[in-house]
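Common to both upcoming complexes is chain A, partnered first by chain B, then by chain C.
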Partner chain A sequence: MDDTLLKAPDPVSCSDLSERMSAHKVNAWFYEKQALHGISMKIYDKKVSAIIGPSGCGKSTFIRCLNRMHETVPGATMKGSIFLDGKDILSKKDVASLRRVVGMVFQKPTPFPTMTVYDNVAAGIKLFGRISEQKLDRVVEQSLRRAALWEEVKDLLDKPGMGLSGGQQQRLCIARALAIEPEVILLDEPCSALDPISTAKIEELIHELKRNYTIVIVTHNMQQAARVADYTGFFLLGEMIEFDVTSKIFTNPRDKRTEDYITGRFG
Partner chain B sequence: MTRNIKEKIYLLIVFAFTLIAVIPLISVISYVFLQGISAINWDFFTRLPVPFGDPGGGMGNAIVGTFIVVGLACVVGLPIGIFGGIWLALYGNNKKGFVIRYAADVLSSIPTIVIGIFAYVLIVLVMKRFSALAGGFALGIIMIPTVTRTTEEMVKMVPRTLFEAGLALGLPEWKVIMRIIFRTAWSGIFTGIMLSVARITGETAPLLFTAFNSMYWNFAVDQPTATMTVQIYNYAISPFAQWHAKAWAGSLTLMFIVLGVTLLVRKFSRRVHYG
Partner chain C sequence: MRSAGDAWFKRIAFAFAASIPVLLLAIIVLLVKQSWLSIHTFGAGFIISSVWDPLADEYGALPFIYGTLVSSIIALIIAVPLGLGCALYLSEVSRSKTKEYIAVMVELLAAIPSVVYGLWGIFVLGPWIANVVQPFLRSIFGFLPIFQGPYSGLSMLSAGVILAIMVLPTITAISREVFNSVPNYLRESALALGATKWETVKIAVLGPARSGIVGAVILGLGRALGETMAVTMVIGNRPEISSSVFAPAYTLASVIANEFAEAVSDINLAVLIELGLVLLFITVVVNGIARLMVWRLTSKVKARP
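== the complex of A and B ==
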């Protein structure tokens, strides 16, 4: 199965398609329990790739491997190789600089509780090195604009980030991730704690962002994958069953199990 | 009996016992207040003690001395306590952590006078004199377990997601710990620190043979230093009524300092909401 997946799926329009990241036979464990079995997948530049599958299928574990967050959990290990621009990220010693290129937004909004809206967005820059105030102001505004939050919070910059609504908090976290100017953004079920209106805003935002960023999104909402993703991978029990252009996955899946999941027969 | 009456009786019992629990506190505070207030005046806070028979005098040097000794205790106890607590919370989920945690618990149950003897042997005998340093050292050791365990608990309460969110920004781990985790836990840690400061401020036994006492102003940390508790103790065991009054006044002052610290804690210990 791995080998067929390594051949790029038929792109809809192949002219602007280039590979940004790729995973080769990635295995991951929590202590003795294997969570991922030989995942191989390509992530195309400035496209949205979605990963769907039932709970516990390893989809979160997989994207947490892409910026090496997985290994921060006690007892978590992984094997295989993951390439970013042709370089294996697993052999890299400097994990921090990898994470500045591959940013991440988590399932639950995680604004830093002691910080204001402004400081939350600035955190990744301010805590990293010196930067002039004017420049920081510019970056914060730009990031909040990109995260479609500026208009709502421009008068609340010195208020605690925790005071915002759930949907705003999540966009604040997206702004915070954007502020360090990553190139790939990993979204780990970013809407699962949000109401439909906030969800719609984030999805709209994803459409905007893919012009400049490569996006990988984990979701257990199939409609969401269908709405936002160019490519979709289906995970089941730690294996990638199928990876293809989103429309193909949803209309004409190759694997019986994908079809069963899509049509709601299980999961 | 109807349920309603049962409920009322139950409430009455609870209320009665609450009242009983508060009685000792109120009576101690009011008794100390009534006994002490008459000897409190400006001189009491600013003047040195005078020999028996002379009028006036105060315990200004002991008040300053208490602050010096407690300050030294913080210098000794806080870094060890805070960093130890952070370590236990984040990396102490193993055998080493278990041993350290256990050691802290044992340390907190050692009588403070024993810790005083330890400081006596280690510092007073070596330096060949009593000093504020020895007193501060003893009190600092008494602080360590409380500060360690509260820091640990408070850091553990910070959700792991914040730690991950910091790491995901490409920040080095120590920066995430110090600038995000520690700051989030800070108000709780501060509460723990203040409570342990309040506790050591009232310690007498470990100071008797470390900081000892002094009848003079002293700001040098390597010299014997008067502290309020030891001064109160000396006055209280004396046979003179005039000194007894001073002991009461000292107790009242000490009580208000500790009360002040506790109120400060209240003000700072607003809980941070983690969402």
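== the complex of A and C ==
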């Protein structure tokens, strides 16, 4: 475990660090019940930020605020500000264009059940408007390659997406998200429904993707956060207890509660 | 000793289950037996003949088959978009309380007795169709033969409209259920790709729901084909095949209901029963086609277990 921890960068030695998104005092509610209490957090460009914490701590709610998915749930509201490249996304009228920049992959693999592998990847691009067939072919192949799925499905493009294995389906969903060329990718417990081998493939993929994308991943698996993330935030009961470089969180946390959690004393 | 109870449970359950195919078979056998005289006398010509003259003992089923099918198709043309739109509003668009009221009212439509629909059809719908709808249609689509001829409240069009209202609750309620059963994560996936509300419905809801929609439409069609009372009251009951939907027509169910009590000769009775057999055959075929379509749509997207 120590080897993986050493890979995480030290913020002081990192000179190319720039802030891509940031949350300021984000509060969120489901009807009367407050799920998030004043979350502030920075998300650095082309880094992997993980959010860990026990079930029900609000970590999924938080990343669903980052692409304003939270508000699509009946009774869900939020306050505060979230900046993307310096602009507040909460005042934005055009939510669809925000979600094109901030893509999302969900807990369970969610390919569109009536679509082929090809159509699943193309689904998002087609929303843009007309696109030539060759160009579409190229984007689909490129997206599948980036999702490390091309070699496995290149002969299955016209087969139903639901016919793939669970791990392949999840990478298909990643390809679908990549196809619309987002800049930030939100992964909401992307491996919780997958077996260890598929999980390893997705983690490998996250390492690849962070060269070009900013990634935020929610996980209840601490080892996973330690393996993939540059930064880690610990959530508890809707509050962010601590946010720091991953190695710091896992070896020398400031807060007693963080230490209790990562050493398995609760949650 | 306790396992004896299991054996009895099995036997009794089987007896209940078996009673349904037996009943169906009994109905078919009876219909064939009672109409044998007619089948024997007229043969296949019965289906394709359009002469209907009980006094001269000449009978043809074609006008009734035509009336049944066309009135049901008109009903679907009106009710399918309306029902699907209503179901989409109820399950996808509205978040407010109004949708609950609308849903209850749609279900109330199904509770209105068909004779009440018939009365309303005669006194309100028929005159409105003759005075407003038909002139409007003829003024715009008058070049089409189906919208020509004299206006009439008792017409194929009136029957189609009243049937549409009657099958609307069926189509709405079932397709609403189908839309509700589409898992929410598919909608979220579409939204996460930057889809608008309508695009989300298009790619994440209508696709997975299509086999269910076909099922809803076919159940509506089944109801329209067999509906008797309301149609009999507004269709005009004239056994003729007219190219215009403004003209009166006749359906299989209506002619059986109207003439059964007055059928005096054996052959007349047998003919009416054969019409019942034809109606049964049509509904069975429609249901078979529906099964086939649903099966083809779902088998194409077989999910891995």
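Basically, the second predicted complex is superposed on the first by the 256 of 267 C-alpha atoms of A that agree within 3 Å, B and C clash if a C-alpha of one lies under 4 Å from a C-alpha of the other, contacts with A are read in each partner's own complex, and residues count from 1 in each chain.
The rule is short, and it goes like this: a residue touches a chain if its C-beta (ideal position, glycine included) is under 8 Å from a C-beta of that chain, and two chains touch if they have at least 3 such contacts.
None of the values given here were measured: they were computed from a predicted structure.
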| item | value |
| --- | --- |
| Clash or fit, chain B versus chain C on superposed chain A | clash |
| Partner chain in contact with A:Ile180 - chain B first, chain C second, else both or neither | both |
| Touching partner for A:Phe106 - first (chain B), second (chain C), both, neither | both |
| Which superposed partner A:Lys46 touches (first chain B, second chain C, both, neither) | neither |
| Partner chain(s) touched by A:Lys210 [first = chain B, second = chain C, both, neither] | neither |
| Touched partner set for A:Pro74, first chain B, second chain C, both or neither | both |
| Partner chain(s) touched by A:Lys59 [first = chain B, second = chain C, both, neither] | neither |
| Partner chain(s) touched by A:Ser165 [first = chain B, second = chain C, both, neither] | second |
| Overlapping contact positions on chain A, where the chain C interface meets the chain B interface | 67, 69, 72, 74, 96-100, 103-104, 106, 108, 110, 112-114, 123-124, 127, 162, 173, 176-177, 180 |
| Chain C residues within the chain A interface of the complex | 95, 185-196, 199, 203-204, 207-208, 210, 300-304 |
| Touching residues (chain side chain A, partner chain C) in the complex | 67, 69, 72, 74, 96-100, 103-106, 108, 110, 112-115, 123-124, 127, 160, 162-165, 173, 176-177, 180 |
| For the chain B and chain A complex, residues of the former touching the latter | 93, 159, 161-172, 175, 179-180, 183-184, 186, 272-275 |
| Interface residues, chain A side, partner chain B - complex | 67, 69, 72, 74, 96-100, 103-104, 106, 108-114, 123-124, 127-128, 162, 169, 173, 176-177, 180 |
